[in-house]
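Below is one structure, written out as C-alpha cells, with a few remarks after it.
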Amino acid sequence: MSRHTMVRVGGVAVLLVVLACVPFFSFTTGGFLPYEINSPGSLQVLALVLVTAALAVSFDIVFGYTGLNSFGHALFFTLGGYGFAMTLAHTELGFGAAIGIGLVASAVGGVLVNGVALRVAGLSFAMVTLAFAEVVAIGIGRNYWGTGGEEGLTVPYRSMPEQLVGVVNTRNIYWVALATLVLVVAVALWATSTRLGRIWQAIRENELRVNVMGVNTYLAKLVSASLSAFLAGICGIAYVIVLGGGVPHMAGLMMSLSLIVMVVIGGRGRIWGAALGAAVYVLLEQRLPELASSEGVKNLPEVVRIPLSEPQLLFGVVFIALIFFLPGGIAGLFSQRRTPVGS
Amino acid sequence: MTPREPSVLRTEGLTFRAGGAKIVEDVSLTVPPGEFLGIIGPNGAGKTTLLNLLTGTVRTTAGTVWLGDTDVTRMAPHRRARLGLARTFQTSYLLLGLTVLENVRLMAQTRGVRRMGLLRTLTSTDETLDAAHAALERVGLGGAATLQAGALSHGDRRKLELAIVVAAEAPFVLLDEPMAGVNSEDVHDLTELIRRLHVDTGATFLMVEHHLDVVLGLADRVAVMHKGELLAVDLPDRVTADERVQTAYVGELL
Amino acid sequence: SGSSDDDSSSKDPVKVGIIVSETGVFSTQAKDFQNGFNAAIEHLTDGTGEVDGHKIEVMVGDDTGDAAVGTAKAKEFLGQGATILAGTTDSAVAVAVAEQAVQNNAMFIGGTAGTTAFVGMDKKVFGTAGSSPAGQMIVPKILGDDLKGKTLVTVDQDYAFGQTMAKAYKAQLEPLGVKVVSYLLPVSTSDFTPTMLKVEKDAPDFITTTWAGKGYNQLLGSLDSQGLLDDATFFKPLLLKSDWAPVGEALGDSVDNSTFYLSYFAGATGNEADEALQAYSKANDHAIEYDDAVGWHAGAMVVRAIQEGGTDTEAMAEALQGHSFEGPAGEVIIRAEDNQVTVPQFTVRLVEKDGEWGVEILDEFTAKELEPPVVNALKQ
Amino acid sequence: MDTVLVLAFTGLGIGSLYFLLSSGLSLVFGLMNVLSLAHAAFLTVCAYASWLVVRETNGEDPTLGRLLLAIVLATLVGGLIALVTELVLLRPLYSRDHFDIVLVTLGLGFVLTALISGIWGHEERIIPLPDSLTSTTSIFGAPITNDRLMIIAVAVAVFLAIMLFLRHTRHGLIVRAGVENRDMVRALGIDVRHSFTLVFVLGGLLAGAGGALSGVYLRAISPATGEAFLIFAFIVLIIGGLGSVPGAFVAALGIGLIQQFANYYINGGAGDLLAVMLMALTVLVRPQGLFGREGRAV
Amino acid sequence: MTEHLLELSDVHASIGVSHILQGVSFDVPAGDVTVIIGRNGVGKTTTLRAVLGLVERTGEIRYDGRRIDAMETSRIVREGIAYVPEDRDVFADLTVAENLALAERKGRPHRYDLVHDLFPELESRAKQRAGTLSGGQQQMVSLARGLLNESPLLLIDEPTKGLAPKVVSEVVKALELIKGTATVLMVEQNIAAARRLADHVVIMAEGRVVAQHPAAVLHDEATIREALGVGTTQGGH
C-alpha cells in the first residue's frame, strides 16, 4: 500500500469512528443543529443528512460517473421506500420481508425503466426518466395502489423493531442512516474502481469508441443505471425508517432536480463530492427556515428576508455561481482530475 | 463466437443504401488470413462505409459478412470486436476527457476479459497497464501517456488511434486513412510500424489510404472501389496500371 | 425532562411544541392557528400563561410543508421534553408528527389538516378542526327533507381527501334515498368541460364540491357558464376569506341560490370566546379566519389538559376525552370513544356589499347535531 | 355529436396551450440544443406579470382590451427576462459543455420560482376574465367558450410565425451551426452572438405568451403554474421529435385531444397516464419521435 | 499596400494551462503562398487559429498594416480573411448547400462557379446532410467555404488531407489559380503539393519559428528531414 493510500484509508477510518460516535458527544454547534449534537432533534437532522448523502452518491454513479442525465432518480428511491412502507402498512409479512420487497421493487423498477429509457440518449433520456418518475408521483398523489396519497403512508410503529421507535432511540436511527451511507459509498467506490467502472467513465466520453472496443455499451449503461437505482432503493428504505413513513415528496420532481443540484454542488463524478453536496444541501434546507423565522431576520428589509425564507432561492443562486466559478463543484477545489477540455 | 485468430474475412453481395443512394453495392470480397489488403478509390467511393459494414457500425442493407465460418452480418459491433475485429476511424474518435494511457488501457483490458473480470478492481500494477505502455511506445507516444487525449494535436491523435489498435492484439485490423494529417517524415515511420505489426502478429489487415506509395508499399493486394462498387482486386502494380484507376483515381501525379 | 425545584414557579413547566408551516403553501393558515392558540392561552390563563402553577412553555417550529422537516422538528421538541405537540395544516406533515408524538408518549393536537387519520388513531391524538367526515354531517341538513329520488353530483380532487369525501357522501346520503354520483378528477385538472358534459346528463338536483386550491375557480366558472346551476342547487364549504370574493364572482348569478357552510367567522356567535378572540386579534393586528377558531380549540384543550392532568400525558388525554367546552363558534365536543372532535357549523349565503363579499347566516347547527357515527373506535 | 365536438374543441384548446408552452422549449432546444429548465419559471413569471397588469389597470371590470394589453406586456416581459438571462448567464457558457447551460437554467428556475413565492406567496391569484371570453360561441351547435377559441387561434398564428422565421431568416441556420461548432461559424465571419440572443429571446417571448394565456385558460395562477405543465411539454417534445416545431405542434394537439377523450370516455385522469404511456411507446418504437430526424451524425 | 499582408511578431498562445506558441514571428508577403511545415504538434494549427483569434493570444498581429490581435474572430474574418480548418469542421447537421450559404459574406461576389467547377460533387449533393458525406467530400465542403468569397488572405490548414490523389492535384491547381488574386498562408504535410505551391517556407518546432526560407528549401532533403524528421517523437506542450 502506498503512503498516499495509507493516509487516505486512515483518514476515512477516523472519520467513520467520529461519525459513529456522534451520539455520545454533547456540544452545541452554534445554531447549525438544534440544541446539543446528540439531542434527538439534531440526530434526526443528521440522519436525514446521511441518508440524503447516500442517495446523492447512488445518483452520482449514473449521473456523474456514467454521464447519463437521469432526471427521475426519485422514482427508484420511492420504489424502495414505498415498497417497504406499503408492505409494513398493508401486510403482516414483517420488517425483514418489507426490506426485501423494497429492494426487489427498486431493482426491478431500475432494470425496466432504464431498459426503456436507455433507448434514447442525452436530454431525451433525461425527459423520459422524468416522465416515468412523474407517473409514479402522480399515482402517489392520487392515492392509487394504496400509497396513502398526499398524506403519506405511516408505517405502523408496532411493526418496526422496538429499537427504532421513539425519540430515545433516535441514535439507533442515526446509526441506521450512517450504515446506509457507508454501505452505499462502499459499493459506489468499489463499483467505480472496477474495470466496469472505468468503462462507464469511458462511455461518458465517447460511447461509439467504447462500443467498437468490444463493450456492450447498452448493457454497461443499464448495469450502471440499475445499480444506481438499487442503491437508491436502499436509501428509500432508510429514509422511510428515519421519517417513520413514506412521504409523497420522495417521488416529486423537486426531489430528482435537487439531487442534480446536490451532486453538482459537491462535484460530479466524485463520490465524496456528491455526499458532501447533499450534506450541505439538506443541512441548509433543514436549518434555513429556522434562521428565516428568527426575530433578527423577520425585521430585515425584504431583499434580505425573502431569500432567507425561500431556501430554494439561495440554492439556486449558489448553484449558478458554482457552475460559473467552480464547475468541478466543491470537490473540484481539491483535485483537477476532471477538468473539462474543449475539443 | 469463434475467431480470435486470423481466418478468412469474406463478404458476399454486401450492399448498403441510404436515402435512395447506393453507397456500397454488391461487394463480394475474400481476404485470406494474414493478407494485407489495401483499399483505394475516389472520395465517396464507399471505402469507409465498407469498413463500417464490416465492424457493424452501419447496418447492412443486403448481403453477408463472414469471419471464418461465423456469419456476423447481424452481430452488434461489440460482439464483432470481441471476435477480434479492431479498427481506427477516419477522423479520430477518442475518449477526449481521459488520458492517452487510459484510452489505450481500456482497449487492453476489454480484450480477452471474461464478463466477471469486469468486476475486478483496477490496480496500478496491472498487466493491462504494461500492454498499454508498450502500445504507446510503439507508435511513439510514450512521452504523452499522461496527457489528456483532448490535448493532443491532430497528428498525434492519429497515432493514438493506431496505438489502440496495437493494444487490441486483434487478428483483424481495419485502418481508415491512418496517415491523414501525419507529417511526411513520420509517414515513413508509421508505415514501417504497420508493416512490422502485420508481420509480427500475422493478422489480416485492411487499410484504406490515399497515400498511394504507402498502400503500394504495404499491400499484398489492392482493392479498388468506385461509386460503391468493387472495380478490381489485384496485385498493386497491376492495379496502378489499370486505365480506369488512372483516370478515376490517380489523375496527374504531382 | 429534568425538574428544577428552586424555580420561581412551584411546579414543572409544560412544554408545548407547535409545529406549523410558517413557510410554504399553508403559511397563512399557520399565522391564524398561532393567533387563535395564543388568544386562547391568554384568555384562559388570564394573561399569566400559567395553569395551576405550571408554566406553559411554547416552542414554535416551521415544518415548511415538508414531512421530513416536520418530523425533525417533532423530535427536536420531544427531545427537549415537550409533552404536547400541536399544529400544522399539511396532512402529510400532521400525520408524521402525530406518529412521533404517539411513539414518544406525548399528546398531539392537530391543526387545520383535513385528514381523518386522527380519529381513532391513538388515545393521545386529537383533531381540532372537526375535519371530514364529521364536517359533512351538515350536508343532509342543507339538502332539506324528502330526499327520495333526488340526485347529488359531487366533484372532488382525486387524492386522499377528495376520495374520503366522495365515500362519505355516498355512505351518508344513499340510505336517505339520494342518488350520489361522484366525479374524482386529477388535482391538476384545468378543463372541466368534459366533466360538465357528463354532469349535465346526470340532471342533478344538487351539486357540491370540496375542490380547494388550483382549479376551483375554473370549476365554479364552468358550472355556471354551462348552465348547470339553473336547475340544481349548489353548496360547498367556505374556507379562507380571500376565497369568498372569487367564489362569489365565479358563480355569477347562481351565487344567490347557492348555500355555503363554514365553521367560524369573526362574530359568528358573539359569545365570550368569540369576543376574546376578536379583541386579541385586533390588538395584534390580525385578520380573523375560520382557522383562528381551530387554534383557539387547540389552546383551550391544552389548558384543560394541564388543569386536569398536570404533566402526566395519560391523565391529560383522559381529561380531554368526553370533554366539551365553549369555543368562539360554540360548544365543541370531544367524543370519548374515538377522540372525534366535533365543532358547530353555520350555513350561510355569500353576499356582496359595496364590492366586499361577506356572509349572512342562514342557520346554525350545534356540534351535538353534527356528530358522526363512530367508525374507528379507540383500541383500549 | 355535440359531446364529441365539445371534447374536440376543449382538446384542441388544451393542446394549443401545450403547444404554446412547448414551442419555446422546442425552438430553443432545436436550434440551441439547450433544454431550458427555466422555461417553466419564465411561464410563471409572465403569468404573474399579466396578473399584475390586469390588477394595476383596475381588474374590477375586466375588459378584453385590458386583458389583451396584459398578454402583450407579459409576452414582452418574457422576452426581456430571456434577454437578460442570455446575456448574463448563458453567453459566457457557450464554450463549455452544453449540459452546464442546462444546469444554469435549472438553477435559474429555482431562483425565479422561489422569488415569486417569496414576494406573492403560494396562494392562487385570480385572473378576472371579461364576459366576451367566458361566454360561448356555437360551433355546429356545440357551445365552445371563447377563450378556447382565442388560444387555438394564437397557437396556430404562433406556429406559422415560427415556421416563417425558420424558413426565411438565416438565424436558425446560424444557431444550428453555432451549436455544432461555434468557432467555425465565427471563422466564417458571422457574429453568432446576435443570433443566439435572438433565438433565446424568441423562446422567452413564447414563454411569455404561453404564461399569460395559461393564466387566461386556468383563470388563476400560482407559483406552481409553470411547473405543472412542464411534464406535458416534455411529453410533447419527445413524441413530436426533439427540436421539431411541426412535431411539437402535431404532438401537442394530439395529446390534448387524446387526453380529453380519455378523460371523458375512460375516466377523469386516465388522459394523463395515457399521455405518458404514449411517450414510452414512442421511445420504444420510434426513439427519434414523430418528426425527429434519426440520430445526429457521429 | 504593404509588402507584407500579414505580420506576426512575438505571438504567444495558450490553451488552458499549456503555453503552446512561445513567441512566433514571421511575415506573409502579399500575393504569395507561404507554407508552414513542422512535425505534428509543434503549433502550426495553433498559429493559424491565433491569427483568427480562436485561441487566447498575446503579441502583435497585423493584417494589411492594421492590428487585428484584439479583434473578435468574426470581425477579423470580415476584414477579408478566409479560413479552411484542419478538421474540416463542416456543420454535420446542415446540408451542403446550407454549409455554403453560411459562408457567403455580404458585399462580395460568391464564386459558386469556381467551387462547383472544382468539386462537381458538391453541386449534385447540395441537399445531402454534410454529416453523411465521406471524409474527402467533407474536405471539399470545407475548402469550398474558404474559396467561396474572394478573400485577399486565405488561411488553409492541410487542404489536401484525405483527398484522393486526383483531387489533390485538382486542388493544387485551383490554389495555383488563386495565387494570382490572393495571398495564402497554409499548413501542408504533403511535400509534393507544398513544392508546387510554395513561394516561402516557415519551419516551426516546439511552438517557435525556427527558420524562414524561400521555397527552394523544399528541395533540400537534409533541411526538410531535420525540420520534420527523427529525434524526439513528442510534440511540444
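First chain written, first letter: the chains are A, B, C, D and E, and each begins at residue 1.
The working rule: a residue touches a chain if its C-beta (ideal position, glycine included) is under 8 Å from a C-beta of that chain, and two chains touch if they have at least 3 such contacts.
What you are looking at is a predicted structure, and each value in this text was computed from that prediction instead of being measured.
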What's the overlap between the neighbours of subunit A and those of subunit E?
B, D
Could you pull out the chain whose C-alpha mean position is farthest off from that of subunit E?
C
Quick check: how many Å separate the C-alpha centres of subunit C and subunit E?
78
When the C-alpha atoms of subunit A and subunit B are each averaged to a single point, how far apart are the two points in Å?
44
Go ahead and note the Å separation of the Cα centroids belonging to subunit A and subunit D.
31
Interface hub residues of subunit A, defined as touching at least two other chains
138, 142, 208, 309-310, 340-342
If a residue has to touch 2 or more other chains to count, which residues of subunit C qualify?
158, 186
If a residue has to touch 2 or more other chains to count, which residues of subunit B qualify?
151
Subunit D residues touching subunit A - in the complex, by the definition given at the top
29, 35, 37, 89, 92-93, 95-97, 99-100, 102-104, 106-111, 113-115, 117-119, 227, 230-231, 234-235, 237-238, 242, 269, 272-273, 276, 279-280, 283-284, 287, 298
Help me check something: in the complex, which residues belonging to subunit C touch subunit D?
24-28, 158, 183-186, 188-191, 193-195, 197-198, 213-215, 217-218, 221, 225-226, 242, 246, 249-250, 355
So in the complex, the part of subunit A that touches subunit D is made up of which residues?
69, 116-117, 119-120, 123-124, 126-128, 130-132, 134-135, 138, 142, 208, 253, 257, 260-261, 264, 302, 306-307, 309-313, 315-317, 319-320, 323-324, 327, 340, 342
Can you list the residues on subunit D that touch subunit E in the complex?
170, 173-174, 176-177, 180-181, 183-192, 296-298
Residue positions on subunit A within touch of subunit B in the complex are 190, 193-199, 201-202, 204-206, 208-217, 338, 340-343
